[in-house]
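Take this structure first; my questions come after.
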Amino acid sequence: MEKFAKAFPSKPLAAKTAKPWALAGVVGSGNLEVLLERGGRPSDTMECHVETSIPGYKASWLAALADFAHNYPAGGTKVTINDQGAPPVLVNLRLRQAYDHLIKGDK
Amino acid sequence: MNTAKTTLRRQNKAQRLERVARLARGKFVSPDKVPEVLKRIIEPGDRLCLEGDNQKQADFLANQLATLDKKDMSDIHLVMSCITLPAHIQLFKKGMIRQVDFCYAGPQGTAVADFVKAKMFPVGAIHTYNELYARYYIDLTPRVALIAAAQADRKGNLFLAANTEETPAIVEPTAFSDGIVFAQVNEIVDKLPRIDIPADQVDLVVQAPYPMHLQALFTRDPAAITDVQVLMAMVALRGIYEKYEVQSLNHGVGFNTAAIELLLPTYAERLGLKGKICKYWMVNPLPTMIPAIEAGWVESVFAVGGEVGMERYTAARSDIFFTGRDGSFHSNRAMGQLAGHYAIDMFIGASLQIDVNGNSSTVSKNRITGFGGAPNMGCQPTGRRHPTKAWLKAGAEANPGPGSPPGRKLVVQMVETFQAGRVPTFVEQLDAAEPSIRKALHGVTPVMIYGDDVTHIVTEEGIANLAACRSIAERQAAIRAVAGYTPVGLKRKKRETEELRRRGIVQLPEDVGVRPAEASRSLLAAQDIKGLVRWSNGLYDPPPQFVDW
Amino acid sequence: MTRGPLFHEQTARQRLAALVDPGSFDELLPPPERITSPYLAQLGIPVSFDDGVVIGKAKIGGRKVYIAAQVGQFVGGAVGEIHGAKLTGLFKAAARDKVPCIVVIESGGVRLHEGSAGEIAIAETMRAIFECRAKKVPTIAVIGSDIGAYGGMGILSTCCDFRVMSEHGRLGISGPIVIEKWMGKKAYDSSNRALVWKTSGGKTKYLLGDADALVHDDAGAIREAIAKLLGKSSAVTLKAMKTRQKELEKRLKRFGQTADPDAVWKGMGVRNIEAASLASGPEFAAMAKRGK
Amino acid sequence: MKKPSSRALFAKLFGPSAKGISVEKSVLTGYAAAGGTKVCVIGTCDGTYVDNAAALRLAAHVIDCVEKHPKTPIVMLVDSAGQEPNRVAEMLGLASYFGHLLSCLELARRKGHKLITVATGQAVGGAFICYGMFGDRIYALDSASVGLMPVEAMSAVTKIPVPVLRKLSRTMPSLEFGAKPFALLGGVEEVWSAKEDVQAKLAKAIAAASTEDNRAELGKKRGGRKLALDIRKKVLAAAAR
């Protein structure tokens, strides 16, 4: 297991979201769960905590998270990830799904 | 004119057949006599063709050949589409082979790589299918061809059933050059459903004790399609199929394109694309095509080969598939490849590796596979003259110069940025460029599809329109932009990417109107094999390994 | 001919969202509470914020229910200490509050990584289920996933009042690989998927009477079946036990000598085995009925 | 520890009344007495595998007891290596046979029969869950093998090396196999030594039994299962909100 945390600059999240938290994905082989919560501080960064079963890919993790923080207004959120070897693409997809759910609800 | 000298080949053929006259009853040989017959009809120095592509194999004859020793058969120039069977490898191990010219070595790719490493692989060249078939008429004409058919009648006429594939492409050059055609058949019957190869092109026939090997190579279980593949399929549909109004096309074998097929009756139908795209296909009878066919999307399908289990379905849908007068499915590999070269708007397929210039390959140091048919379709046919909407639109984007055709075929590579096990798809340099491989191939790097021919690369990150790039540097930047978090992708520069995106050369899913959160397997028209069987109204008979009911 | 998502492919959370009245699901011990398995953490195995089971309060057809869904992808949906305690707690709450309780099963049984703790948790949950039944609070097991309900969870499902299955669901104790290991590949080939499903799948279970409903592989159909059962319960009475005893004795006597599932199907009145194999759950149910 | 023979064991538990227990294909049914109290006995011996027929025989005996011997305590002896893992058993729904047995026991409990389990030999996996773990109170002889599975078997399935599991089991008794660690989890009320007067202990256990499932409390108190009770309480509290 490898564990790391980092905060990335991101434009502040919309003041109103459908839910206070959202979870996307499941922890399973080649998959991961992303928990996205409101209330991370400060409001211009996205705070990330990653726990992954496959060590050695920190660079691509950080790049993926940085891009997400850059592309979406996610400032003031906290992202926590439990990963079981998901490829970066799935990281992206789950982040976007969690973000969508947070903003728009489960629909 | 010296007539005696110009008929030597014919005389030689007669001599060979004379040597086996006592072993055969007319054209018919019993299975236990086959090794002896092979020994007598093949001479040292012969060019020998073994039928077998990625699906259909003359496996009984190949296995019998492998029982011979070097003293029975040597100095052979082997010409064949696919090195597929363990028996094929035996021929090399026994030292019978002087040279081999082939196309593809799927399951034996590792064995071939081992031969290359040991510098024991006497290869002439690795070809594409039509390239090899063409050379059968020029400088690689077989002296003896061992082929496979479904049935023979008492005269030796052959019926090839759904898997006609490359048989005619082998038989014709052999038979019309006084070569010997020896066919293994599954059964001998009084009356054939239809005649695919006339008896006078066939010299010997054996009823094999087991039916020829047929691989269900194109069956993709929808249950194994992932959400990410659905996302890529949605992006491709909107960013390419819809944009260029692609009407005629080929799909490679893979889950990516299977996802597209299964999105036609659902997602694409909702986009109002029915009747506008995907009408004419050069593709094998893929089970994943069934929903689109049933939903009325498809006008016609021509195929290079059959697919196990699709026999009843294709026969029942003879308005769409090419069928013989008996009503059953017909394929032809050479003609299919020709169609895929000249007559389609788009080729879309996947690859294991793509370099920063857009060249792709499935070859690695430990596994040398080769080409098959993809390069025949995944290339620009500069001999093409007829226009279509898609061809012209893609051509215009490419900004043709005064000496180029006005149109372009869409050649699309659709890949995830990582393969299984976190192996990056995008690399700075192809494994195929390894010097030892180049040396074995006489200086040729085994590139599947050249970057100059590729118009688009689709990944889960988005689309890179290579045809619209105006320089090599720009093309590389576009590739890096969609290469995700691979080492190639991590080298992209944000500003460059944004500039390419502004110009529409790089498009993210959002840019083509796809919401990634929507990407879900639930959009697939069928989510498992059983779903396909149901769409087919029970006409599709999947192979047992796919059946769980 | 477009179809909704297949139930067996949905994640636990998607299933719950699709089974209950829109927006009515209120998760208990939700992910932000971060209650994760210390066992897995110690073993260097990724943990999950719901420990493989999502539980909550919801409504189905306006009626209040408690509902749990196991996450099959996470350690095979297996029951560990936390996972099991969540289930026990939910059924205990159901008994206390007299609210029907539904468990959507996707589990191979006890989570081996947590040893006997999961085993005891399953036994405790069984006790809680029977607490519900004593109070006539309906308990329903839904079995419609690829992993199925095996081991202790298979047994647990048979403690509930009712079982709703799809053709994809499997109900048993020993999984196919265990049986193959025990009997030999010749006697039981675990890679023969058709055989595996005919041994433990929803269709056979429905025929024999172990599943109370056999429905489409679709959340809407399952929800409908649940809604029908919510008002009912199956009391544990002497009379009921004697009847069941006779049924099970009869089943064993009739079919105990055959290893062939097709013989059971035929014996239970299925005429056209091939058509029945391909039929959807409800089609199959109808065919079986006609056969009788 | 040497395992006593089945009959010797019955005699220890029930004295001369043990002759009322009949054994057929390693399945026990009968009536006996413990410390002067009449009891109904069901169970398994010889580490047998429980199949459909065995479950039915046990269930039939429970029904008989409920019908003919109201409120007679039921003593469940467990010595079984597991459920019968064969295709016919599974095809016919072994789980349902077990469910039926459990339902019969529940019926007995509701009708005032006390349910006491004594793990005498192997008490492993499905065979323990299908009746023994359903007792009001569960006891084990110290010679009994109680638990999910031995560490070696656990390692074979999880691919976690045996030494790692052994090391962890020092702080996590759940991973250890045996009556004592099982008791630490609350899964067993008390471990009895074969040297003691187990008949007296059994009689006392019957007298003291109550139907309240106390295993989570015990597990917490004894420190072997620290989380279960609190999580359960949290769920109950959250559901009430």
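As written, the chain order gives the labels A, B, C and D, with residue 1 at the start of each chain.
Definition applied: a contact is a pair of C-beta atoms (placed from the backbone, for glycine too) under 8 Å apart; a residue touches a chain by one contact, two chains touch by 3 or more.
Since the structure is predicted, the reported quantities are computational estimates derived from the model, not experimental observations.
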Most centrally placed chain - per-chain CA mean versus overall CA mean: C
Chain pair showing more contacts of the two, A-C and C-D: C-D
Approximate Å spacing (C-alpha centroids) for the pair chain A, chain C: 33
Distance between the centres, which are taken as Cα means, of chain D and chain C, whole angstrom: 24
Centre-of-Cα separation between chain D and chain A, whole angstrom: 46
Approximate Å spacing (C-alpha centroids) for the pair chain B, chain C: 44
All chain pairs that touch each other: A-B, A-C, B-C, C-D
Partner chain D, residues of chain C touching it in the complex: 28-29, 35, 38-39, 42-43, 55, 57, 66, 81-82, 84-86, 88-90, 92-93, 96-97, 110, 112-124, 126-128, 130, 133-134, 149, 151-152, 154-155, 157-159, 171-174, 178-179, 181-183, 187-188, 198-200, 204-205, 208, 210, 236-238, 241-242, 244-245, 248-249, 251-252, 255-256, 258-259, 261, 264
Sites on chain A touched by chain C in the complex: 1, 20-21, 23, 25-29, 31, 33, 35, 37, 51-53, 80, 82-84, 105-106
Residue ranges of chain A in contact with chain B within the complex: 54, 57, 59-60, 63-64, 85, 87-90, 92-93, 96-97, 100-101
Chain A contact footprint on chain C (complex, rising order): 11-13, 17, 23, 30-32, 34, 44-49, 71, 73-74
Contacting residues of chain D [partner chain C, same complex]: 52-53, 56, 59-60, 63, 66-67, 83, 85-100, 102-104, 106-107, 110-111, 125-126, 128-130, 133-134, 146-149, 154, 157-158, 160, 164, 168-169, 172, 174-177, 181-182, 185-187, 213, 215-216, 219, 225, 227-229, 231-236, 238-240
